[in-house]
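As written, the chain order gives the labels A, B, C, D, E and F, with residue 1 at the start of each chain.
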Amino acid sequence: MSEKNITRLDAFTYRQILSEDDPVVLIPVGAIEQHGPHMPLSVDVLLSTTMAELTADRLGAALVGPTVTTGYKSQQRSGGGNHIVGSFGFDAETVIGVCRTLVRELARHGARRIVFVNGHYENYQFLYEGVDLALRELAPSGEVPQVMLLSYWDFVTEEVIARLYPEGFPGWDVEHGGVMETSLMLEFFPELVHMDRVMDLPAADLPLYDLLPVDPSLTPESGCLSSAQAASAEKGQVLAASVVEGMTEAITSRFTV
Amino acid sequence: MSEKNITRLDAFTYRQILSEDDPVVLIPVGAIEQHGPHMPLSVDVLLSTTMAELTADRLGAALVGPTVTTGYKSQQRSGGGNHIVGSFGFDAETVIGVCRTLVRELARHGARRIVFVNGHYENYQFLYEGVDLALRELAPSGEVPQVMLLSYWDFVTEEVIARLYPEGFPGWDVEHGGVMETSLMLEFFPELVHMDRVMDLPAADLPLYDLLPVDPSLTPESGCLSSAQAASAEKGQVLAASVVEGMTEAITSRFTV
Amino acid sequence: MSEKNITRLDAFTYRQILSEDDPVVLIPVGAIEQHGPHMPLSVDVLLSTTMAELTADRLGAALVGPTVTTGYKSQQRSGGGNHIVGSFGFDAETVIGVCRTLVRELARHGARRIVFVNGHYENYQFLYEGVDLALRELAPSGEVPQVMLLSYWDFVTEEVIARLYPEGFPGWDVEHGGVMETSLMLEFFPELVHMDRVMDLPAADLPLYDLLPVDPSLTPESGCLSSAQAASAEKGQVLAASVVEGMTEAITSRFTV
Amino acid sequence: MSEKNITRLDAFTYRQILSEDDPVVLIPVGAIEQHGPHMPLSVDVLLSTTMAELTADRLGAALVGPTVTTGYKSQQRSGGGNHIVGSFGFDAETVIGVCRTLVRELARHGARRIVFVNGHYENYQFLYEGVDLALRELAPSGEVPQVMLLSYWDFVTEEVIARLYPEGFPGWDVEHGGVMETSLMLEFFPELVHMDRVMDLPAADLPLYDLLPVDPSLTPESGCLSSAQAASAEKGQVLAASVVEGMTEAITSRFTV
Amino acid sequence: MSEKNITRLDAFTYRQILSEDDPVVLIPVGAIEQHGPHMPLSVDVLLSTTMAELTADRLGAALVGPTVTTGYKSQQRSGGGNHIVGSFGFDAETVIGVCRTLVRELARHGARRIVFVNGHYENYQFLYEGVDLALRELAPSGEVPQVMLLSYWDFVTEEVIARLYPEGFPGWDVEHGGVMETSLMLEFFPELVHMDRVMDLPAADLPLYDLLPVDPSLTPESGCLSSAQAASAEKGQVLAASVVEGMTEAITSRFTV
Amino acid sequence: MSEKNITRLDAFTYRQILSEDDPVVLIPVGAIEQHGPHMPLSVDVLLSTTMAELTADRLGAALVGPTVTTGYKSQQRSGGGNHIVGSFGFDAETVIGVCRTLVRELARHGARRIVFVNGHYENYQFLYEGVDLALRELAPSGEVPQVMLLSYWDFVTEEVIARLYPEGFPGWDVEHGGVMETSLMLEFFPELVHMDRVMDLPAADLPLYDLLPVDPSLTPESGCLSSAQAASAEKGQVLAASVVEGMTEAITSRFTV
């Protein structure tokens, strides 16, 4: 865990950084969710935190955390579905409440620029609502921080995608447990990946709609929506570099003007 | 409004259809939201309802409605942003509550197959949550309907996209107030479209993140994310045919097996 | 639909009217609810909207809509009961949330005078709560609109009642699906009324209390609480004139001082 | 306080009565609300409890309480308005929650027949919602009690009204702090009434609508909507007899079939 | 009931006291909960109200009430458990809502100093949350009252404990239905106590954890967590004196500086 | 992190353990909260997780996690107060929602015995409510797990307390940032403790009540409620041994009968 992670700091140091450096605060948002037989349930927590920490290292005055672990329910077309044992799906109300509190509390602490770094596809809209409600609540005080919301994979460049997916890119939604996530895990948490357990199945052939109750037969046996067979630490390094580069630029250009 | 629209039926007829025909019930989900100077605030309501009604006509035993008009807040990257006067943005809790009730009530009425036909990009996740909560609540009764959730534009085929966007397709998110929606409106509600008022601006160049509070300068003056200049009723006809064809097939194959 | 209906306007026109004319905004509040074998489920939506539109035409600077369609659960003594298939009953929380949002959003748009025109008996208290919560939330901003709440039938004068109900007026609560609503529908939406399907039953003899779970035997077979046999378009015209006259006067005298 | 009041019983006796007598449980629902210069804030609590206790005495197997004191906000047309200092107005959500819990807990205790005896005009719809939600929640258990909801004044007969209001009856809504409530208080709690402080003002001339924010000038100085000058303990006795007679008959006929 | 109890006052007197005396307002918080075979369900309501009233008598400018009767669910280690018939357990949301409203309404009335006098062990944290939310809501108005929260038994001095419990003090949690509560009831409400029904059982031997669903065998048959055998009105007098002395001093020293 | 921590497991292994070993699942519950100048904000997260993991190692079939990091607001008498920058205080609703979901999801996964291991004083009642609501919701399914709730410090034996606090034990509430927590951190996370930064101040002299808004002067400058000067890894070892021994015995005796 990075030295920029808020949860590692004592309160006196945290207060000093906030008042002296006016840092950007990056909040990783993950989930506890099945990621196939070859990766742990905490992939989205670990990767959103890592992307945030690496970006913070590039940003100068920046802090990271605390990481949100209460992710929204896994949906079949992006995470296999919340019927699968191993995924912990939180209701919209709770995810919204957690994000809302983080904004409220960070604003009280004096943070003026916050970035939510999402690492679980399903979270995004609820995170957005949490931020919107917090800003509405803060408005009368006149102390409204600027908040940026993003999903880290959106910053992988077209060039990198073309390079890493020579046979065509299936889309970030079906990347669940696939090449991107597995490569990043291999690069940063190799001890938690078991490539010998990868199930090399065809990418999920999911319909253009969601169905509830879920039809379990639509999710591959592995729980992954595409195969991780082609994953490697090298790809993870390239992906991370692209993500961190893009996020750093986005944050810098928006928040230092 | 179609003869299959529930809101036009009397209760006796509605009950007869439900008990005799076991119809699929399609629920359009829209919003009241600005769509530029050339289209009314009700575009998402009108188009989701129309797509649902046309599909119902193809399905045999099917009913439509009531249409959800309480759409989630417009977001800048898909609807221009909820800071714009003319958009009515409902909180997550309310959108979820409306969809949840519709499922609960339709289940009480005896409907066994329900399709939510979304026509406002931002709604999807909240609609999903509403359905999920309803099914959880209904589970102890043993009377759980099957629910399909979709956004109608996802059924436009690649071929149609290639044909209608010869210079490249910008993505459904920036289609807000653009060629697709305007063409469909020209085909079905020409009296509500004023092509002479179209502002022919470049497509919005939106960042890879959301920012709250919104930076209004990122939304084009028109409120539309791409230009509607190339819209036509003919394109609307092609788009609608593609959508209805796709939705009909999806519903038929899923719900009659 | 009237040209004063917000949902028909484009956002540019809407903004112009708001800033130049300082209009009163009338929000119709209905429900999707059974109204016997002779009228559609949308009676309360259609009539509240029509009363609002006719009044807006009389008011000068006025706009109408969007109409609330998510009405509170039908209660046996005013709507037959929510056990009847065909009525869509929304929970208090949702009805409150919808009305609250409308006030919040209209205030953001710059509307300073709002009138809720209720057309579904059961809604009133929840509508009141929604408005009250919205004003409490808006108070810190100092931008609190004036909001009037009414049920349209309360503006039918004693004279009209005496004229139209020569054998005695049973009360607005048991008017559900009876002479008033049917006459208004005959006047404004004759194509949706089937007088040949009216069930000419005695008025419901309901107790002085509610019972839950409902005893279905207390509601007449028709679902109507009194007979619509005596309804006519002429009566509808007289009723509408009385309502519009009264509402216009109430709004004018309150909002132009 | 009556010996039938649950709050006076010890748990062992309470359990014995529940299991041996299968009693009807009457829940009074009041409010803490201004009632002019001549009566205390607890009028609605005291009277709803007294009417319930007197009825319980007539019913045989019956228990009373606990009394709900968290009444909904006073509204101008029935209670003078919640802007008045002295009224404690609870939000819909809380009133609903309190009533819902009472039903759930009484059902757990084994009560099979419950009567809510309302004594604060504004409560009714929220009480209804609380009961409805409780029964929905209890449905899967198969242990759903029968619940009756009423406002006690509805049981005053036409004859009594004609006798007590020889100059015409103004309606229960403007009875707030007027002849009925004051007479009942004089009969049952004379030590809490100060007839010398009655402000003998004309009945409130309230419009056909609610206005928020409230226009305080519409409520008489006294906070009462009609004058209590004509109140007397004798009238209180007559009113109570009529109410208790009516409630007893309603409960008996409904719950012993 | 004391003359300082708000619920006994008329609104005119209440307003006069508030504006002229700037009183401290004490809000008792109880519950309807089983207290064994020898005491009524309202023990916590009666004792919290009495402690508040006696303290108010000592304070000079002070008012009491209204008493909160909607206590949180009885927990096994402090109240025997909410599985016992006779306890009415309200959800956190409702207890929070009730306390929140009381603060909001008292602030609106002009009260600047409020003391919550808790008499039901389980309530405390929910009462705290209610107050915290109310103050957050009131902050933008700049009218934030000072609120003190306490449980009355915490003010019994060590000396008194040593005197009254010569064989060792078991802790306030297991005092449920024991010597303290019974002695106070004997002193103030002797007609409601039946010492001949006391079940003289050993104090409950409860584990260091809660278990849900509750294991009913862990609660003594009596429902009390310790025996009331040694209770007496004299002890009640001593306890009350200690409590009132301590509360008076705490309030005086905090609120008159 | 222990190998028994769920978040480190892949879903296939997790499912195998659940179905083959029928493990007890321990859920640590912490907070992100200031703990003085010498310890990080994550003390409660780290210690609750460590106590759970050590206990799991002793239990045989047991799993740990995921850890709850969204702790309730710091209160002055147990955590210094939530006005202090560095503490992240979540609302009751959110803490309740998180715990409720964990029970619901673990029950869906097939876990039949769950232990919440609390490490943040203020959480307990909200955690209790979350569990209670989850079990109520699960009841109709018939699949209700057994849930144990505890705070780990309650298992330190009297003997250990007497040994480690020779000058008298101040109580667990004022242990915030004091000898116990610091000793445990020194034993398990020495790299995160800076004994040279300990502020050796007298224990907080806190009143018998809470005050809101908080009077900051009542909290020592350090944010700790007692001094950590006497802390040592050795004491940490003794404390941990006592806690783990006690928790193991409690769980074993309750859950294997």
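Here is the rule we go by: contacts are C-beta pairs under 8 Å (C-beta built on N, C-alpha and C of every residue); 3 or more make two chains touch, one makes a residue touch a chain.
These are the chains along with the protein names UniProt gives them: A, B, C, D, E, F = Creatinine amidohydrolase.
Just so we're clear, the structure is a prediction, and the values are computed from it rather than from any experiment.
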{"item": "Partner chains that chain A (Creatinine amidohydrolase) and chain F (Creatinine amidohydrolase) have in common", "value": "B, E"}
{"item": "Inter-centroid spacing, chain F (Creatinine amidohydrolase) versus chain B (Creatinine amidohydrolase) (mean Cα positions, whole Å)", "value": "47"}
{"item": "Rounded Å distance between chain C (Creatinine amidohydrolase) and chain D (Creatinine amidohydrolase), as computed from the means of their C-alpha atoms", "value": "28"}
{"item": "Sites on chain E (Creatinine amidohydrolase) at which at least two other chains make contact", "value": "91, 93, 140"}
{"item": "Chain-chain contacts as defined at top", "value": "A-B, A-C, A-E, A-F, B-C, B-D, B-F, C-D, C-E, D-E, D-F, E-F"}
{"item": "Footprint of chain E (Creatinine amidohydrolase) on chain A (Creatinine amidohydrolase) - complex, ascending", "value": "140-141"}
{"item": "Residues on chain D (Creatinine amidohydrolase) engaged by chain B (Creatinine amidohydrolase) in the complex (per definition of touch)", "value": "139-140"}
{"item": "Residues on chain A (Creatinine amidohydrolase) engaged by chain B (Creatinine amidohydrolase) in the complex (per definition of touch)", "value": "72-73, 75, 91-93, 96, 122, 124-126, 128-129, 131-133, 135, 144, 146-150, 154-155, 207-213, 246, 250, 254"}
{"item": "List of chain F (Creatinine amidohydrolase) residues in touch with chain A (Creatinine amidohydrolase) within their complex", "value": "6-15, 18, 32, 34-42, 45, 66-67, 69-70, 84-91, 93-94, 97-98, 101-102, 105, 108-110, 192, 194, 197, 223"}
